[in-house]
Structure formats: structure tokens, C-alpha cells
Amino acid sequence: MVIGEVVGNVWATRKDETLNGLKLLVIKAINQDNKEKESTFVAVDSVGAGIGDQVLVVKGNAARKALGREEAAVDATIVGIIDEVEVTS
Amino acid sequence: MVIGEVVGNVWATRKDETLNGLKLLVIKAINQDNKEKESTFVAVDSVGAGIGDQVLVVKGNAARKALGREEAAVDATIVGIIDEVEVTS
Amino acid sequence: MVIGEVVGNVWATRKDETLNGLKLLVIKAINQDNKEKESTFVAVDSVGAGIGDQVLVVKGNAARKALGREEAAVDATIVGIIDEVEVTS
Amino acid sequence: MVIGEVVGNVWATRKDETLNGLKLLVIKAINQDNKEKESTFVAVDSVGAGIGDQVLVVKGNAARKALGREEAAVDATIVGIIDEVEVTS
Amino acid sequence: MVIGEVVGNVWATRKDETLNGLKLLVIKAINQDNKEKESTFVAVDSVGAGIGDQVLVVKGNAARKALGREEAAVDATIVGIIDEVEVTS
């Protein structure tokens, strides 16, 4: 899983019907060692996350399992809102 | 999922038969934090996307699910045409 | 699989219910050729690993198989605590 | 899928038996935006590709589906020989 | 699949039981175009590879298929010992 910050929203009227009703958020992955920003990607929210939250995101087939929707056109899902990350350097 | 711009078309006469009738588009992924261009790749269209559109692309097994074709030789599918992306910096 | 060092803990109260009871650890991947640090990510522990341990991590669908939980919202699992890595240069 | 150029052949006498009879080709991925060379990898040919051809390659589980061999030890398959790529800049 | 060189061994006493009896080797991926070293990772051996061998490695679900162990905690398997790679520049 990756740790990222929710930095934006995505709106798409014309989309795969399995995405209807799902909240699409832009995530900025953050390296926990040097705190550098890494790539951005889009994930579906399953835990009520919002802008500014630090979240845990699962990718691949597990993203659909997390949604409980095997047929969804989804490859990344937010599965946790992070309270604290403690990294030793 | 990743956000990208549709920048081109691909034509292939000799190809896997499961690709027959599918539209193959070149996608340029775009980092939503700094707007830098990232890698390019090819995705199958499922929503009527065209050159210049900003699109949402799903990868991996979900790409076949989005097409409703489990046996297709596909690992990336356009699943949404993006109306707006709002990113807070 | 990748070799990494356990460098931190992650706490999330609001999370996918399949993550309940699982220990979430921050892993720093390490290139075994030049010993440079690579990306960080989060993995679930299945072998009793702790901060400072050098571990073997499996990703993708195998991460859920390692946990014995096909439905878990997990894409990376620690599957070994490394005693020694011997690399010839 | 990715676009690449076939740049080489791989021979391996001692190999997984599911690879017997398959042609293994070295592919150089090419960024379609700036035409820079990217990584190289090995793919199995399913369409009669040869050195110098520009090809479409599918990765992951779809690579085995393209071969029609679910049990093959394969994660990348050439699924098309590209006639033309038209990219707008 | 990727081409790499076997550069090391990994020993782990405490590990997932599905890894018992498997040989864990450190692989250094090598770009076949410019011969630059790329990332390192760990793969399970299925063909009798040893230090210094140039090998073909399959990743993802195919890695478990190559072992014939669907339940193994494995995401990379050596599936061939390379006799020769011929790359045209």
C-alpha cells in the first residue's frame, strides 16, 4: 500500500457505469523517508476521506476487493485515513 | 487510475483477434501536482474519447472488466472523460 | 519480492474492516547493488517483524495469499525476516 | 499496453517447460511523446513479429490470455505489429 | 519478463511456510539497450540458476504458475537460464 495525501477531486460525467456513485480523488504519493512528493494518481474513496487527509491506498485487484465490487473499473482504493505515521530515520 | 491526455492513434493490421474493433489510443500521463508529462502508453477506449480529451484510465485486470471482455488482450482501458480536475496545492 | 528495512509504523482508526488487527509497517526498499534507498511503501506484517528488521516483502495478489485472506484490502505483505543477504559485486 | 521496438532475440536452453516453442524477443519501450528510449524487457511473440518491428505489447495476466495459455510462465506478450502511430504534439 | 544477473543469496529463517525449500536469489535487472544496471529484487529459482548466471525472470501471478504453487508467497520466479541475448543497436 502507499501513503499519500488527498489533493483534489475529479469529475467525469461520461464514464464507465461501474464508477457511478463513487468518489474519485487525486492522491499525491509521499515518500516517508525524505518526504519528497512522488507521482499523482486517482483513487476511489471507501472510508470518507477528504482534501488534506493523509490516506492509505491499496492498488491492483485488492482495490476492487476493498470496494466489495469485483466488476468495478477500479485499480486504486483509499482503505484508511491515517492518524499517525511514525518513521525512524 | 491515472489521468492522461489522449495524444494519438495506433493502427495495427496484424494483431490479436480479441483487439478487433477496439480503438487503440496513445495516452500521455500527466502529473496533477506539477503538470509535468510522464510516460506514454496505449489504452483501449470504452467511452468515446478522442484526441485532446483528458481521460481517466484503469490498468491491470480491471481494464478487461471495464471492457466486459475477460479474454481480451488488454491491460489499460479509458473509463472516463474528465470534465474537471480540481487540485489544491 | 523486494528487500527492505522496516522504518516505521502506521496507525489508522478509520479503515477498511479487513485491515482490523493487522500491523501496518512502513518499508524502505533498498537496492542491493549500490545500497541506495529507493521508494517507501506500507506492508502488512505476517512474520513478527519490527523496526530495524531487514525483511522480504511480496506484492500484488501474492500478498493476500501470504495472509491467507483472499478478501483483505492488502497489496504488500512481509513474508520473511532476513538473516543475511550476500551480494557479489 | 506499451509501444516498443523489437531489438533482439533471447535463447535459453534450460527453461520452464511452458516456454518451449515460444519465441522470446527483447523489446525496447519508446516514449511516444519525446521518442526517448525507455526500459527494455522480454516479451513472447504471438503475431509473427521480428527485429525492427514496432509492436504493441500487453503485460500482466492479459499476456497469458493473449497466448491462450493460462499456465504459461509469461507476463508480457506482443499482440500487434504496428502499421502507424500518429501522435499530435 | 526481465533479463537480469543473479548477484546474491538471501537467507531467512523466519518466513512464510510456503517459502520453505525455495531458493531465494538476488537479481540485478540489466537494460539490454545500454547495459546499465537497473533495480535489484529477489526471485525464487525454478531452473537451477546460480551466482553469475544471466536469467529470465517472470513477475506477478505468472511467478506462482511457474512454480506450480498457486498459494506460494511469491511474485517473481526465475524461469530460464539465458544462453545468449543478441541485441541490434
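To keep things simple, chains are lettered A, B, C, D and E as they appear, and every chain counts its residues starting from 1.
In this section, a contact is a pair of C-beta atoms (placed from the backbone, for glycine too) under 8 Å apart; a residue touches a chain by one contact, two chains touch by 3 or more.
Just so it is clear, the model here is predicted, and its values are computed rather than measured.
Trainee: Can you work out the whole-Å distance between the CA centroids of subunit B and subunit C?
Mentor: Taking the mean C-alpha position of each chain, the two centres sit 31 Å apart.
Trainee: Taking the mean of the CA coordinates per chain, how far is subunit A from subunit B in Å?
Mentor: The answer is 19 Å.
Trainee: Provide the list of subunit B residues touching at least two other chains, using ranges where the numbers run on.
Mentor: 60-61, 63
Trainee: With chains as vertices and touches as edges, which is it: line, ring, star, complete or other?
Mentor: Per interface graph, the chains form a ring.
Trainee: Could you read off the chains around the ring in order, subunit B leading and subunit D following?
Mentor: So the chains, read around the ring from subunit B toward subunit D, go B, D, E, C, A.
Trainee: Which residues of subunit A touch subunit C once you look at their complex with the stated criterion?
Mentor: 1-3, 31-33, 38, 46-48, 56, 58-63, 65-66, 77, 79-89
Trainee: Can you list the subunit C residues touching subunit A in their complex?
Mentor: Listed in rising order, the residues of subunit C that touch subunit A are 7-16, 18-19, 24, 26, 28, 37, 39-43, 51-52, 60-61, 63-64, 70-76.
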